[in-house]
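Look at the two complexes coming up: chain A is in both, with chain B in one and chain C in the other.
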Partner chain A sequence: MSVKNFESLNTNTDTTTTRTLLHEAIPLTGAIVSGTYGQEASEDNVKNFTHGMFQSVYDYPYLSSSANHIFDITMGYHSTSPFSSSASEQNAKKINMYNEFAQVLLGYTGSANDIEIFESDLDFGDNDNQMKSCYFINFSRLLTKDQIKKGTFNLVLSTGSWAQGITAPSFPSGPNITLTDVSASATAGTNTKGNGGEYGVLYNNDFPNGTGYGLVFYQAGIAIITSSVWDTVAQNPGAANFYRRHADGFVQSISGAFTGSAISASCDALRHRMCNISFNNTTEINSSIYFCRASHNKFNYSTNPSYVSGSKIRVKQIATDNPVTYITTIGLYNSSNELLAVAKLSEPLKKTPENELTLRVRLDY
Partner chain B sequence: MSLKKFKTNDIILNTMKTHPECEFFVFDGVVYYNNSPHPHSGAFSANVLNVSPGFISLYEYNIDKSKDINPFIYPFITKDSSGGSFKTAVCSQKNGVIADNEWIVAVPGEPLYGTYPQTASITRELLGQPTGSATAGTRAKMYTTGTAEDGTPTSEPTTVSGVQIYSEPTYRHYWSLRNRLNNYEYMSPHFAITGSLVGPNATGSWWDPASPMRGGVEVSWIKDQQIINLISIPSIFYGSTIKPGTVSLKWYFTGSLAGELQDTKQNGELIQVSGSSQGFASHAVGSDGTGSVAGVVLYNEGFILLTGSWALNDETIPLVKDDTDSYSPSWRYFGAGTQDGVTQATTATAFNSASFSLSFKGTTETQVMTMFANAKRGEVNYSNNPTFLEYGQDVLNKTSSVVYEENSSRLIKNTVSSSYTDYSASFKRQVYVSRVAIYDESRNLIGLATLSNPVLKEEDQDFTFKIRLDM
Partner chain C sequence: MAFLDNSGDIILDAVLTDLGRKRMSQGNFKITKYAFGDDEVDYSLYNYNHASGAAYYDLEIMQTPIFEAFASSDAGINYGLSSYSSTDMLYLPTMKMNETTNDQAVQMTGSIVYLAANTETATALKASTALGDSKYFLKSGETDGYSVILETGLDTTDLAATQANRSSYLVSNNLVDSTFTISFDNRFISSVATPTAGSRFTNNSRGDDKVKMTLSAARSVSSKTGKSNTSTAIAKGISNTVYKTAGTSVSDTAVSSFSGPRASATSLNFSVLSGLDTETGGTLSSKFASYGKTSVDTFGDGNTYATITTTITVEGDTTGTTTEIPVTIIARQT
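Now for the complex of A and B:
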């Protein structure tokens, strides 16, 4: 009977690796970004900055230590957009913001290294379906983790008049529509050529013709919504009554919000049109699996002091009895016999010369 | 951008050990963690963290959530051949059959759900009954039923080779710790399940007047026969181990300190260091228990076992769940109300005379990599930033289908500050270092250190950037 308690692992036959995808369902109720924690333009969970280039949204008033940052919103347009004009409010910043997102997420094109333009399709090189004026929603890494799960992104938007608010009915009885990346999956329906990783198209789920109104970048955790979503969809377009400025009650069109309002005010307008956002995130958990094999003639002895009594094995009544052990722990050692990890069994396993065991040890990291 | 290779002495690996302090205060069945006030109410939830007082919430990102209006974030994985599952499987229902383990019910491809928030707090268990016969080691005997000759049923204790067989113990948590307690006997004899033999000069054991016997010999204690106060501390509060010498337990009676335990010897013994000094002549060590060992702490496992049964003052109050009898404050009742169901409702109003404080320091170890990125004189003196060159210069000198030649005579912009107006300082080669990037051997960017302010590096200066990476 062998008393050897160390067995070498064969790296070809006794070890393998595997990957588990852990997901979380992230529901973001629209109400918390549009009035739950204060009135428009002075909400306690929305932080504006003196630079005026974006605003940060939290899930709770941000002065509380409990609050988590959930996303940033900004907007911008390309220099060739109809909104681009020296008379437009924060014109340079809006152009810069668009260019920055386009550079980071898409990259450059042509011999002059021109910045790519977002398109509401999967081919950003064909110059059709261009989205030259957009909102950008940059989700926190806390929520997106490794990436947004493809095919799970849903954004319910209010496209009616500002007065109808986010509680209006959904299409077809009301003006609220759902933008979703329903055609994207782990194996199809995405573009992988951009600098910002894979992206899918956000289609208006309420129109079967499949018009794209935005993009979602899965690894970057960024959603892009074109301003034209308020021009062309739903029964009661909100293009003319896009935003009512809280300070003076002035009603703006979508065009006015992009040209006559600061970025922060335009972001306020979008937030008050977000009915709901939901997506699933993904975290990759890599694992090493070690198959620890105890053949019939091994591991039948224990070095536990309680295993023997008076130089006799406790579990043997007579000399011809088989030895019995109970396996409780597996130690993983390196080549220098240094203990690296210990695996505990939920309950001891009986081991005798009459049985063989293969214990599967899984190490997640 | 310059690429330089780290040398052997440029990278140092250290372990940073920290000792975060934890304090729990228990009053009237409510636990306060690190003096945090009760979480306030939100728009959707009466408690924005959605955890009970004294608990911490892992991740803390279900803030102000409610079941219906503002639903919770929850995790899920897909059942597949890798065998991944949540440690605590959610009870599920399928085809009208309620299963206690969804792994069994789900078919491959179906999701397995978990729940948030995941919470942790200290808990207390009183192992034994002060007014009954149960003690920490109580186990029920197993009986074998049979039939007598006259047909009446019989029931005899089950034995094997003359040894009584028992069914499962009443207090399983105690039994799971027995081996560890004996294992730590090398630190202090107070860990031992069975105390030492009572010597010829001993006058008896003041902390167990029953004078327990083992094998026909009187011993100072047998933990199985004692009532034990077990306090469990989840490792999220202390990390890898509780720091010896930092444990403090305070028993307050109507706001006044009745007694304090500390592990002053750093060997796990919890020794009373102060008391109310109201005179208890029967105590063998101190007049009020000061100097006596009231229990032990398992530093690595996060358990405190208290057996001290001496009175800390001459008052009595109800301290046991569903028991209106009053008991003298003693260490076996320390922490009453800590997730153990002891409240005024389950005892009596006078229970609110008791309050407790438990504090300790944990231990966390963080591996720290320190990298020294050297920028010696004559090195790191060029930038790829387009603004490093004078504006408006031709990039290309010549380009055709067979030649691509950049303009080699482009000028570097002079950024040297002049002390005089209308006078440009003489050109000096200098750069502003704003970032240090770390690459692997395949030149993949794996880390980026950004300076709070760009550092001016002139050509004849040596700089070393110290980069620290916590792992």
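Now for the complex of A and C:
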């Protein structure tokens, strides 16, 4: 059985397109990132790889089909960083990681096509505020969708000493530092360089009074945190104890984590300093809207078998009664009468020769 | 497939069908037209006798829960709404199977039509006590024997089946189908025989049956229906000019299934798919076991048969009136 009565859509008057930005709030508590599913170095929701280049964090033990990948975390430094040394643990891999992020997100510079260096500001021309040793947090597309909404990124990190009464898997106690892209908005406070899309600066305080400690790349869904967050004694009275290994109580400073630890161990340390992450994501919805019109003299009869008893129309007692139908479904067809989309009304809609209806069907892509 | 929440504002739940997604992947997704449907509605709930008056006649219809949209293009809209310029029509044509006209119309057995898959089976059916006559079954691929004859018209005794009423109630309102679409399961049926232009469905002034439907292979068969395992064929609609004439010795209802004005008619026979027509010496198609029954002594005469029952859907291309014919493909086994 098929439909016999079609109405053509006028492409000028009956169809239009719209673009809508949909935002969701994404809160990630530190307890999910570390502590809930075991203790560091053997947490069930953290996946390390034999190549040792990064670790993946899930919201549930990753061997479960219920687990969702929430972000990857890694670290690295530029070859001119003070941390760069052949004596450093995984020195080449850490440089490679830094360069990979830099070349993809920022591209190259100068006639020699040198890989650009991250800076904790929006101006790459002045080569100041360079961040040569960084942590990188790559958020899953499941969370960021099309992009992180500008001006919503918020990362709370502990800068306190791990030795100050802290036992794993708890977080180090304060003080905490809150990094936000407070200066960024849809219309200002961002820049673009290379192919990484727009980025904003992560400040530790209200802009412009705060200090830049990192960047957030909105479309790429990557946050970059400089190691200097933990360098300043004023912010980090226990700088010597950036990381305290749960298994044996071994402690090291931030510089020790960058030079003397493998990437995975250094990432463990950062995860245990993440108190909270939150941002709003953005989904761009492109919609086609079809205005399906039922004019007064159309669609007043039905081929529904129950419409007649014998051959007599059930909704009429005499010939001069108005015919009545009840619309429940709208079918959208191509020129070959193939049903491409279908829309259902939540309740029947009465159609008679005395009324005209325009039903707005929106298809989202 | 849940119901939609109908407790608040009217909402519209739209989805792409599986065919829509396929066309999108092929880069030829282009919506050019629309139609309305009312599949969930049971119009028999329209209650002219509601104690609270006219505003409540359709109370139960308006409370009908509506299913969520679902992605199968098979079942988006089964029954579309129709547009006719006249608002004062009280009757719409329906379709019926004719089992009355002479030497042409196959008869149902119970509620099904038998389709003999081969000559051996046809011979056995004719010889069986239960059937005993060729008019109780179709023979696969035959164009000069019995056929399924279908009529459209107004199923009412309120209107006499006169030429004038046919003209005013049917022809002038564009309610006469000139073609019919036959949908069939292409796993079992390969083609449909349909009426030639020389066919007629009429009686003469004395009321005599002058029906003569001659069949040939359908003009076209298409498998691009958007529905699983379904092909369609187009059958010509023959003007149904069986009239009621006063004083005749033969009643018009001895020729036609309708009492009211008649619109058109068509006739059909079917060819079973190659492999289903194997006689007893050959290998029985496994489809009989997969989709039907085997080794059944259907008529209690010691012969055993394999059967598959399928449904043929016939739809008037102008009016959208529809009927479904259950057909049992039958092949003798022993």
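Here is the rule we use: the second predicted complex is superposed on the first by the 325 of 365 C-alpha atoms of A that agree within 3 Å, B and C clash if a C-alpha of one lies under 4 Å from a C-alpha of the other, contacts with A are read in each partner's own complex, and residues count from 1 in each chain.
We take it that contacts are C-beta pairs under 8 Å (C-beta built on N, C-alpha and C of every residue); 3 or more make two chains touch, one makes a residue touch a chain.
Everything numeric in this text was worked out from a predicted model, so none of it was measured.
When the shared chain is aligned, chain C comes close enough to touch A:341, but chain B does not.
Of the two partner chains, chain C is the only one that A:311 touches; chain B does not reach it. Of the two partner chains, neither chain B nor chain C is touched by A:251. Legend: residue contacts after superposition of the two complexes on their common chain; A:333 is shown touching chain C, with no touch to chain B. Contacts of A:262 after superposition: neither chain B nor chain C is touched.
Of the two partner chains placed by the overlay, only chain B lies in contact with A:60; chain C stays clear of it.
With both complexes superposed, C is the one of chain B and chain C in contact with more chain A residues. In the superposition on chain A, chain A positions 360, 362 are in contact with chain B in one complex as well as with chain C in the other.
By the touch rule above, chain A contacts chain B in their complex via residues 18-27, 29, 31-32, 36-37, 59-60, 64, 66-68, 142-143, 285, 287, 360, 362. Taken together, the chain A residues at the contact with chain C in this complex read 1-9, 15, 288, 290, 292, 294, 297-320, 322-336, 338-351, 353, 359-363. Residues 39, 42-44, 48-49, 60-61, 63-64, 69-78, 80, 82-84, 111 of chain B touch chain A in their complex. Across the interface of their complex, chain A is touched by residues 4-6, 10-17, 19-20, 23, 28-44, 46, 48, 58, 61-64, 66-70, 73, 76-85, 87-94, 153-156, 158, 181, 183, 224-226, 260, 313, 315, 317-322 of chain C.
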